[in-house]
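Take a look at the following structure, please.
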Amino acid sequence: MTPSPTTSKFGLSPGTLVYVGPEVAKDTTLKLVEYNEKYHEERVVRNLRECRISGEKPYISWLDVDGIHESEVIEAVGQLHHVHPLLLEDIMNTRQKPKIEFYNDTYVFVSLKMLYWRDQEGQLDAEHVSFLLGSNYLISFQEKRTNDIFGPVLDRIKASVGKTRRNGADYLLFSLIDLMVDTYLEILERMSEELEELEGQILAGKHKDPITQLYNLKRQLTLMRKYVWPLRDMLSQGLRENSKLIGKSTFPYFRDVHDHVTNVIESIDSNRELLTGLIDIHYSTLSSRMNSVMKTLTIYSAVFMPLTFIAGIYGMNFNNMPELRQPNGYFYTLGGMGVLAIGLLIYFRRRGWM
Amino acid sequence: MTPSPTTSKFGLSPGTLVYVGPEVAKDTTLKLVEYNEKYHEERVVRNLRECRISGEKPYISWLDVDGIHESEVIEAVGQLHHVHPLLLEDIMNTRQKPKIEFYNDTYVFVSLKMLYWRDQEGQLDAEHVSFLLGSNYLISFQEKRTNDIFGPVLDRIKASVGKTRRNGADYLLFSLIDLMVDTYLEILERMSEELEELEGQILAGKHKDPITQLYNLKRQLTLMRKYVWPLRDMLSQGLRENSKLIGKSTFPYFRDVHDHVTNVIESIDSNRELLTGLIDIHYSTLSSRMNSVMKTLTIYSAVFMPLTFIAGIYGMNFNNMPELRQPNGYFYTLGGMGVLAIGLLIYFRRRGWM
Amino acid sequence: MTPSPTTSKFGLSPGTLVYVGPEVAKDTTLKLVEYNEKYHEERVVRNLRECRISGEKPYISWLDVDGIHESEVIEAVGQLHHVHPLLLEDIMNTRQKPKIEFYNDTYVFVSLKMLYWRDQEGQLDAEHVSFLLGSNYLISFQEKRTNDIFGPVLDRIKASVGKTRRNGADYLLFSLIDLMVDTYLEILERMSEELEELEGQILAGKHKDPITQLYNLKRQLTLMRKYVWPLRDMLSQGLRENSKLIGKSTFPYFRDVHDHVTNVIESIDSNRELLTGLIDIHYSTLSSRMNSVMKTLTIYSAVFMPLTFIAGIYGMNFNNMPELRQPNGYFYTLGGMGVLAIGLLIYFRRRGWM
Amino acid sequence: MTPSPTTSKFGLSPGTLVYVGPEVAKDTTLKLVEYNEKYHEERVVRNLRECRISGEKPYISWLDVDGIHESEVIEAVGQLHHVHPLLLEDIMNTRQKPKIEFYNDTYVFVSLKMLYWRDQEGQLDAEHVSFLLGSNYLISFQEKRTNDIFGPVLDRIKASVGKTRRNGADYLLFSLIDLMVDTYLEILERMSEELEELEGQILAGKHKDPITQLYNLKRQLTLMRKYVWPLRDMLSQGLRENSKLIGKSTFPYFRDVHDHVTNVIESIDSNRELLTGLIDIHYSTLSSRMNSVMKTLTIYSAVFMPLTFIAGIYGMNFNNMPELRQPNGYFYTLGGMGVLAIGLLIYFRRRGWM
Amino acid sequence: MTPSPTTSKFGLSPGTLVYVGPEVAKDTTLKLVEYNEKYHEERVVRNLRECRISGEKPYISWLDVDGIHESEVIEAVGQLHHVHPLLLEDIMNTRQKPKIEFYNDTYVFVSLKMLYWRDQEGQLDAEHVSFLLGSNYLISFQEKRTNDIFGPVLDRIKASVGKTRRNGADYLLFSLIDLMVDTYLEILERMSEELEELEGQILAGKHKDPITQLYNLKRQLTLMRKYVWPLRDMLSQGLRENSKLIGKSTFPYFRDVHDHVTNVIESIDSNRELLTGLIDIHYSTLSSRMNSVMKTLTIYSAVFMPLTFIAGIYGMNFNNMPELRQPNGYFYTLGGMGVLAIGLLIYFRRRGWM
């Protein structure tokens, strides 16, 4: 089920900027990071006009827009960099599915999802992230709801660790996407752990009603697949398209992320298959329990019905019932009942019901 | 199930104009809208000859034909604009599925469905809509059954809001299609809400017989998919085909609608998957309820059958039954029965049946 | 299941002409129709040599061979028009599936199925129909079993109604195929009606054993799909192949039939999906009925077992049973039983079993 | 399940000739047939050197190797005709799936399966058959286990019936493949008959446990599909590949076999679908029988439990039970019981349980 | 479920070498084999600098790196041969799925899985294997966990058996892949045997709870499919790509392995289908057993309930019960009960319940 939006877009002129997503209280924060192999500066942008970054500077500029719910901010950033209004709409629409778009050699638009796993609720949470890759700069847009998700890459730039400082804006884009795909793998592992636990309980027959839980997990996996699936095509398209903005030397890196995404999708699919298998096992368990309940009932009835009937016979009040006057009639009857009961039990054991 | 038509077409010569669809009482209304950036006029057409619009005028002409059940009207409009008789047949056939057809650079034919969601019946209602896009004009055909569905666009033109007034007939076509796709999204949301409500009830085990409702929802989703599915291909084809009638500047807009349609289809598919999951949960609930009913029965039987049997034994009328003469025989028996009952209950609790 | 043939073809040299199909008593009838815009003649052919028609005449010649069970007739017609022996085999083999084959620009071979719906048996009946389209002539082959299926087109030619008289042999072929596809739509409607009736009964829970009927309908739909499915490819192939025999002006007509066939296939598929849904509903109904039966049983047992047990206790014959001597013991016991019964009923109502 | 082989090939150098298949006692027989339109000779080859046949003779040479379990024989034949060792491996490996391979214009390798239907066991038996088609000769390899499967073609050559004598080695290959595909159709018909019988029994509810039989049939169909499926691709590939060894004049014949194979595959698929349907019907029958059993039980219990309870009440031994002293108490009670029983039966009939 | 890794890679700079896989205690062993048709030497490498092999020597060099858990070793080997850091990452990542990558004509990277079948646990064990094929050398990487898996090929080289000594490094690569694919076939056979055993037990109704076992087998098959599936594409890609490193003369061999892999995949798929069938049979068995249990219960109840009721009637204590005073009342009653019981049994036998 798609989450219900805060605002509807029905009837509005296309390209009208409206934020579609959960309500957010905080203000937008803009952070500008400039770096090359030798130089590094990081500052918070307070005046929107400062945001104007161009590819002509001798360093990489990375503008991180934290918050996509204020249409004036997005519009201002967009106008400063000549972004198509429909793209701005996509940046603000948290329901937009992942996509890549090439605007000649001016910029590349990339939009994907940061995922979080809420352990308590057993639910996936998605944050809408967009990138604009220019010739020497990168603008990133993220929702304000959580902490800055790009922290690890920022730290690596600051500490001048790894290859980021030595490479272009395309490598920066790759690093950020790689970071997000890494979280996908982690989420999958947490889901796998939950699944394995459930599996153990179901196979041991300990879990009474695992269907709701299995169903929820399946739904989260489906949701995740929906978010991750388009990424594969996006990345192949990014490699196919002969854009000057993505250098040939970063190709092996994008191919690597592509591999990881394929891994994620395959793991999702095999987990879903596993879930289906577990549901089957659960039903089978239900069925055989039912069988065993019914057998118990039937054996009880089969043994006690004839006995009670015999007792009923000798409880009749006919005047003339010769057996009643026999001194040992009672004991013979009890003995006969015992023999009958044992005979029936042997019969049911032979039929494999006990 | 395809709805039963009012009139059958069997044995008729192909190209014979016959209205196929639910009966309609009202007359056809023709409305002509002419506009460019500065000029705007709107009038109801009473004489069919007035309908003749051409692309040579310095403004966009939009002829809206409200009502497709009168073959003379459709035929007249068609002849005035040299439309192929088979196309006129498609315009009048409400069962025609969405399609796009290019007639060189003379006109483009587009046919799709306006959808309504009837909340009370929980049913989808489709209205057949067709467009003829010429070089500087657009002719739209809609069923007379509901109100004018193009109201919001008309209002925008009148108020000179948005980009419609500044763009060509192709942008007008886009606006109208966009409007209709927006209603698809709204309908999906209403369906999702109903589904979520159902889901809540089923997971809480409150809904006694959700199958009929789930089944109806699934059917409506299948129906919707059937209407929306061809749109995706239509739009890609419209972008691929190199027609002069659709300008390059409206391409991003059509690509945008294409994205929305893809979203609609994916939402439909994930909702259908969800429905299947809910049906499974419902069955599982039924099964475990059955299990619990059977366990109750079995425990009752298992406890009372032996007790009743014992009571039956001491109700026998044998002359010689020593226990009966014991002063405390009755109380010992009662005690024994109590012990047996408690023992059995402990046993069933240990087996996890209680 | 493929129907069992009257004659087996095993071990025969390929290309040997053997009629494969249900036995037919009647003789083959050959009818020759010649027409152009001004001229029209129709006669029954008695001498096989008269059958020789060529494309050089100033009118369209249509030879209709009614009956495909006499190998001499088929062979003679084939030899007169230089038809490949394997094609003649296909004409006589009623199990041949629909196909189109282009023999350069000499002739086009088309084979498809006329379908009938036998209402009483609820079964589809297929008749094998083949066409040979030459440059100015058409030869049609049909089974003798039913009436002439091409009547309506013949009537239109006679009455000079519609476009047939004004167009070539390719338009005639189109008219005949169109006629057959129209019957497909009609059959589907009759199936849909039966389905809707069944659906009503199942949803109302009135139909006791709908599975056999649903299963038969599904089988007929599968059969129909098998017959209709290849038509779509055939028609696209006919449009793709650049044969001189099919004129560009008839292309829109063939595209129209192609659309209809696609409609038929989609309706078949959605009906099949519907059937699957109905089967699910039926099972669900069975399950909940079972549940309600079991609950009834359990409530009965749960109420009467304890009561009967109490009655059994006071039916015991112990000498010393103080309650029995109490003047109002009987009435107290009856009262206690009533209280117990009511208590149990309240309990079960609270658990939602009643 | 793949059948367990007599010998394992693990760790052997690739291209080592080892027979993989069921053990065979008999010796290999080699038969050489030479023919053209006027000449025909057939002899058993005793000296392996005689086997050397070439395409330069004025007649077609057909060497039939009956037995593929002796590696020396296969190796000798292979060396005489310069066959790649991997191909010889394929000839001897009965588990090799059908394939076609073109070795330039020297020879074409074709391998497929002869199928037998063992009626008693209801099982499919496959024999591995390979062909080497040279420019004017054909070498065929078959397993020794059954009789010569190429008898009918041999007889036709001997009797100079049909077109084989008048055509090349490619037509001979076609005739042999055609013969094998004909047996596929026959086997399918026998399976269809068995299915139809089963269907009749299941629909009539007469067959107690059809699952095992249905399951076996499904398995045999799956097996058959596995053998037949690659043939379709093989034949299209044979037509696509522009080998000089397969003449254009035999193309229609190969296309014809291709059609037959497609028919076989479709029949297999529709039979499999039918089987799935029958399994559903069987389950439904089981369910409704269960329902009817449960209803019987419930009605019995619902009627007799209250009656037995009433009898139990008047079997109590209270001193003061006024009803017992009523002269007609017994008869009134019996009457009341009858009224109660009839009332309950009417109630259950109204609920539709009887 | 993907196995949980020893170390997580989250947040690390891409290309950082970290071993991902189960912990391994042993050291890495490096073995260098040099051979041509006449020469053969094999030695353990102790100094990493000795590892440097080049394609300019007059013999094939094969460096086998046994152990991939020490990043320094892998890095050193990689730097000596100018391997891309991302490839080294893939070599050390045991979760990397099979792939092939061409680095111009410098080297080909191949990575696949060696599989083991653990009989006791019924589980598949995978070992990560990678190859670097240069112009005249091959470097192989395997996990240290098991014995050297390339033994048989090493022995063949030593003994100068087969074609390996006479061919290039590409043939050596083929031999090693072929060896691994052979183990796949063996594993499948062992799985098939287990399946056949299970099948026998299920069809005989002897196995009480086969679901867990079937489920595990299915999971192992799914896992195996995941490992084997990419191989097919890899091999076709290897044949398509026009690399100088893989000679045309080894093409038939690679095509042969491709065929085997296809066989493996098809066997996996048919085994999975079989498993699904067995699960169905198991459920059907459960259902019919349930049916038979319920019938037994119902027959018991239907017979004994009326009898016990009759006995209850004559156990009532009414003063005036004329039957009780009849001298033969008791015997008549017993007789009537017998007749009733026999009548009911006949009735149930007629309904087919016994």
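Labels A, B, C, D and E are assigned to the chains in the order they are written; within every chain, residues are numbered from 1.
Keep in mind that, in the parts below, contacts are C-beta pairs under 8 Å (C-beta built on N, C-alpha and C of every residue); 3 or more make two chains touch, one makes a residue touch a chain.
No experiment lies behind these values; they were computed from the predicted model shown.
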item: Self-contact between copies chain A and chain B, residue sets same or different by half; value: different
item: Angle, in degrees to the nearest 5, of the Cα rotation that carries chain B onto chain C; value: 70
item: Mean-CA-position distance for chain E and chain A (Å); value: 27
item: Centre-to-centre distance between chain D and chain B (centres being mean Cα positions), rounded to whole Å; value: 43
item: Overlap residues in chain D, where contacts from two or more other chains coincide; value: 287, 290, 294, 297, 301, 305, 308, 312, 315-317, 321
item: Arrangement of touching chains [line / ring / star / complete / other]; value: ring
item: Of chain C, residues touching chain D in the complex; value: 1-2, 4, 8-11, 13-16, 84, 86, 89, 95-97, 99, 208-209, 211-212, 215, 218-219, 222-223, 226, 279, 282-283, 286-287, 289-290, 293-294, 296-297, 300-301, 304-305, 307-308, 311-312, 314-317, 321, 323-330, 333-334
item: Chain D-facing residues of chain E, complex; value: 152, 156, 161-164, 174-175, 178-179, 182-183, 185-186, 188-189, 192-193, 195-196, 199, 203, 252-253, 256, 259, 262-263, 266-267, 270-271, 273-274, 277, 280-281, 284-285, 287-288, 290-291, 294-295, 297-298, 301-302, 305-306, 308-309, 312-313, 315-321, 353
